[in-house]
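Residue numbering begins at 1 within each chain, and the chains themselves are lettered A, B, C and D in the order written.
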Amino acid sequence: MLLQNQVTVGVIGMGRIGRLHIEHLNRHPQVILKAVADLRAEDIGEWASQQRIGVVTQDAMDVIRDPEIDAVLICSSTDSHVELIAAAAEAGKHIFCEKPVSLDFRSTYRALQAVQASGVKFQIGFNRRFDPNFRRVKEIVAAGEIGEPQIIKITSRDPNPPSYDYVKVSGGMFMDMAIHDFDMARYLAGSEVTEVYVKAAVLVDPVIGELGDVDTAVMTLQFENGALGVIDNSRQAAYGYDQRVEVFGSKGQVNVQNDFPNSAELSTRNGVYKDTPKHFFMERYETAYRLEMESFIDAVLRGGDVLIGGEDGYKAELLAACAAKSWKEKRPVKVSEISVPAPT
Amino acid sequence: MLLQNQVTVGVIGMGRIGRLHIEHLNRHPQVILKAVADLRAEDIGEWASQQRIGVVTQDAMDVIRDPEIDAVLICSSTDSHVELIAAAAEAGKHIFCEKPVSLDFRSTYRALQAVQASGVKFQIGFNRRFDPNFRRVKEIVAAGEIGEPQIIKITSRDPNPPSYDYVKVSGGMFMDMAIHDFDMARYLAGSEVTEVYVKAAVLVDPVIGELGDVDTAVMTLQFENGALGVIDNSRQAAYGYDQRVEVFGSKGQVNVQNDFPNSAELSTRNGVYKDTPKHFFMERYETAYRLEMESFIDAVLRGGDVLIGGEDGYKAELLAACAAKSWKEKRPVKVSEISVPAPT
Amino acid sequence: MLLQNQVTVGVIGMGRIGRLHIEHLNRHPQVILKAVADLRAEDIGEWASQQRIGVVTQDAMDVIRDPEIDAVLICSSTDSHVELIAAAAEAGKHIFCEKPVSLDFRSTYRALQAVQASGVKFQIGFNRRFDPNFRRVKEIVAAGEIGEPQIIKITSRDPNPPSYDYVKVSGGMFMDMAIHDFDMARYLAGSEVTEVYVKAAVLVDPVIGELGDVDTAVMTLQFENGALGVIDNSRQAAYGYDQRVEVFGSKGQVNVQNDFPNSAELSTRNGVYKDTPKHFFMERYETAYRLEMESFIDAVLRGGDVLIGGEDGYKAELLAACAAKSWKEKRPVKVSEISVPAPT
Amino acid sequence: MLLQNQVTVGVIGMGRIGRLHIEHLNRHPQVILKAVADLRAEDIGEWASQQRIGVVTQDAMDVIRDPEIDAVLICSSTDSHVELIAAAAEAGKHIFCEKPVSLDFRSTYRALQAVQASGVKFQIGFNRRFDPNFRRVKEIVAAGEIGEPQIIKITSRDPNPPSYDYVKVSGGMFMDMAIHDFDMARYLAGSEVTEVYVKAAVLVDPVIGELGDVDTAVMTLQFENGALGVIDNSRQAAYGYDQRVEVFGSKGQVNVQNDFPNSAELSTRNGVYKDTPKHFFMERYETAYRLEMESFIDAVLRGGDVLIGGEDGYKAELLAACAAKSWKEKRPVKVSEISVPAPT
């Protein structure tokens, strides 16, 4: 017996993040996961069959063209996103796309115009907005409990730098890693960023510098509503994944700390110990990834707006571009220096 | 295509806890959930079909007699456990049974003898042993990091008292609620309890007293290894589910605090606020319930011992009986006053 | 120029605690510290002259008989208290006396009758009531913020056991150490204790047991208002001085944790580390000792009641005696079994 | 009897901070506080006599010229500092001077040259270096426990803005308030700042803006050793004095949180509540102020170096000047753009 109100889904790209989404989709009572596409289809056949997925293909267009499929998840490498978005939009499929849409905000802009023309839903994988900690901060700020936001602080540090191969194609730390923080800054401030100043350095691994990238940064933001912001990033925090925010306002302050695997606290004559924070993004944001997928499926089933649209992806990419420019030119850069009209 | 190494499962009792287990079983790649039994089978047909369960029956024996079924979960009311265990053991089914096995430790003893004779696996639903917090405490204690345990403290308070109807059939607060804490005490101490002294009261709701039960208690334990223990219970903590432990030893102390839904901390001129702890046991022990079911399935599939066996259920019931006796007789009660030989 | 509203003070006993009080007295703008008495007067002459104290004597009566002296602090060994109290009361001196008044609550009772007859002020050195943490708990409880108290929990553990010589004359752990906790229990509950049950053990050092004392205990209390209490004590906490309380009531719970020398938290790949709590009682209760002396001086200067009177000392001693009896007789002991009329 | 090894002290300026130092001096066994000078000498006579200070004068030169006085504390208004330092140095008095030395780093430079020529000790009142929290961070960083520092973060927010009259003469938020943070940054990094970028705003009170000052800032620092820093300042934190630091390095991270008046945590159905942090700088830094004075007296008595010398005051003023320049010119400013040779 088939259920009413189901959505049939295909997933393109079966890397780490694609598989994570598949696990959540497979547990969703209203989702039929019909097909997956990956260039290494033969390698993933066994895993896919364990997940009870009928169709496994090398060609993403097999998924996009399948008339039974209502929605596609684009989890393939960044350079493939724009073309796949255009094809999926044309085929009338709702789209969930991992960040960034592309490494060039102009391409992203054009892709989003295609989405807009087609009328399909389009959600960006800014998973952190679904994290219970950050969400609660947003609620508290939005409820006016801290008054007018004045200073927004984001700490975002990875446990380990990515591979050199990944660094080369990542678009750089600003586009690959800080993009989440730019989105979080806009989300928490409830206001657009108008200027970015970046101080960055290569303090973790000189090879990252040789590849033209940085691994450490402190970034100052000016928001439209007058608030100031600061993001600090590192590619390597010895103690694990470090993800904290603080919003300070006219009536108070709210902050969230890292998540820990347990609350055990051991006191001995040598001191008081706790385990390190959750180490890996998939563990840290387990709940957030589940909620983001439920939110997308819900938007498709009930027809409402997605919570994080194409414009959010575009604007975060714009800020990453400003950051890169600020770093290269060693000066504050106004967003108006580089932005093109937003896709409304 | 069917997978190798699968286990086919039936569930008896579709109340709150039965449904929770079913959700976890349904997500387990090596489980085929074939059948469920509940006296109100007609009421749960729709839910069961959403869960893609083929067989829904009123008669638990339909599940137990099904030759394809390898293991049964007994989640029905406590008064049905002993008979179902005996039948399932005789039918050669592995058994997961919710706590307590029965309200009379002598009946439990006989049921466990039947299990032992049959050689099937038998796991008790002491979910808290799988909680990441308590588990980490156990690891730290077992690794000798606090030296010899000297004082074990357990706080266990419910957010709200159960219904009067439930109080009547629950076996009383010691058997229904403190039984988890008796098990936790044995688990953390790594030693048996030899004496119990209970000071209890009716402070939450006088009707609970009229029904012959208590709602508040402080219990002192003597362990075989010399350590002392204390459990404090309340049927109603205004701020939510309160579940903490502390083990103090010759070299140090380890404790765990409550779990919170988020880490947001709001500072205003009126003070610093956090949200209340996770309020409900299903939310608080979500991970523990998943891990306990994985552990049972794993024991069935791989043939190892279950982590929490019948003896653990029996011994906790014995302590609940001592507690009730201590409360009634207003004196310390030695476990040896009432225990029958353990089923080894 | 002499100030108005001054009080002239003498101190009897120049051990650790006597010297501590002297430092606070010397900083008080309205105190003239005129004389100190100690059996080893010659040893302390230099220290006393550094403190600018004019009179140093071996004979406590020199202090008590000095007509210029308004108030005396009795900080000598416990066995001298009763006689000194009687003499000081007769001489019309206000009295601050360290705990316990005596090792026999009947003697204490008689001493307090002498005090009462004389009309002098009499304050007991239960310093912890002045600790900002415990005081805040009391305020919150008294303001009704947790509703009716139901469970009071006190953890009180010393960093190290005292010397064997001290153990011999201390009156035992219940009279020497737990007496503070009995006072705290009465203070926080706002109600008298009616019954005590003690489970105690020798887990720290067998010699303490050979001396007839214990070093570890869990004690259950019944309060007149229906609340239950539990105190856990140890003579040796590897990580320092462990002093925490929790009061649980119908509307909520309040607790305080240990004080730390700093709030530094170090995260490395091995875990998250803090320093151990303040290790020693003089460091932990530095503020409390200052405030208790200010409170006494204030009562003398302004003529109001002391905050902790003789009855508080007497009642705590009574509970210590009940505890010792419960431990010896292995049963709950009602306070009414041993108490004599309170000196009202 | 006079003690050996004493130092005779005079204090110039009896405002809030002068009085605070006097209380600590008066409790120091090796200090004779002989004289105080204040323009409003008649107003403070009573207070001074309570403090048992013999000489009260309107003329600071009475203190400086007194041949018995070994050391002077300069706690008068900033505009008087340079002249008093020169006079005291010439008179051979050791000097403790409140921050800043002057509002113009060039004047400060000249004053420090006079000090150097005279050979007297000179300590700057950067009290926070003596705070047990920040000191512990410094120790941990200096011990290499976080590896090489990479990101230094300082949050420093006042509970309330100063009066408009004070704002007018304060030298601006960078010189008056952030100067402490510039010193802390240098102290924790163990490296000099080479560049400052400031983003500042008037978000608290528009009148502050009309007076030519700012009340909110985020400042990025570049250190010589490659590390990056960020300071965020506000003139008004609704919840009290907010003083936190974090140092992130190649092997880990250390941070300190605010100090609280007590550790009481109240849980009710509405949430978990703590009191606000210590509200006022004199309360927050009570221990630090005592330790800084002890350290100065110790340097005078024992002849060692002061822990915070004139160069530290000068360099912090230089950074404040860079900050003001960066804010006005809306660009990063290198310290080398404005600095004059350091007084070595």
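The definition used in the following text is that contacts are C-beta pairs under 8 Å (C-beta built on N, C-alpha and C of every residue); 3 or more make two chains touch, one makes a residue touch a chain.
Owing to the predicted nature of the structure, the values given are computational and were not obtained by experimental measurement.
Interface comparison, A-D against B-D: more C-beta pairs in contact at A-D. With centres computed as the average of Cα coordinates, no chain lies farther from subunit D than B. Put simply, the C-alpha centre of subunit A and that of subunit D have 43 angstrom between them. Subunit C and subunit D, compared by their mean Cα positions, are separated by 39 Å. Spacing of subunit B relative to subunit D, judged by their CA centroids, is 58 angstrom. Annotation for subunit A: residues touching 2 or more other chains are 238-239, 251-253, 267-269, 275. Across the complex, subunit C is touched by residues 238-239, 267-277 of subunit A. By the touch criterion given at the top, residues 1, 3, 26-27, 29, 49-51, 132-133, 135-137, 140, 145-146, 251-259, 261-269, 275 of subunit B touch subunit A in their complex.
Note for the complex: subunit D touches subunit A at residues 147-148, 150-151, 153, 157, 197, 199-201, 203-204, 216-218, 220, 222, 226-230, 232, 234, 236-239, 242, 248, 250-253, 330-332.
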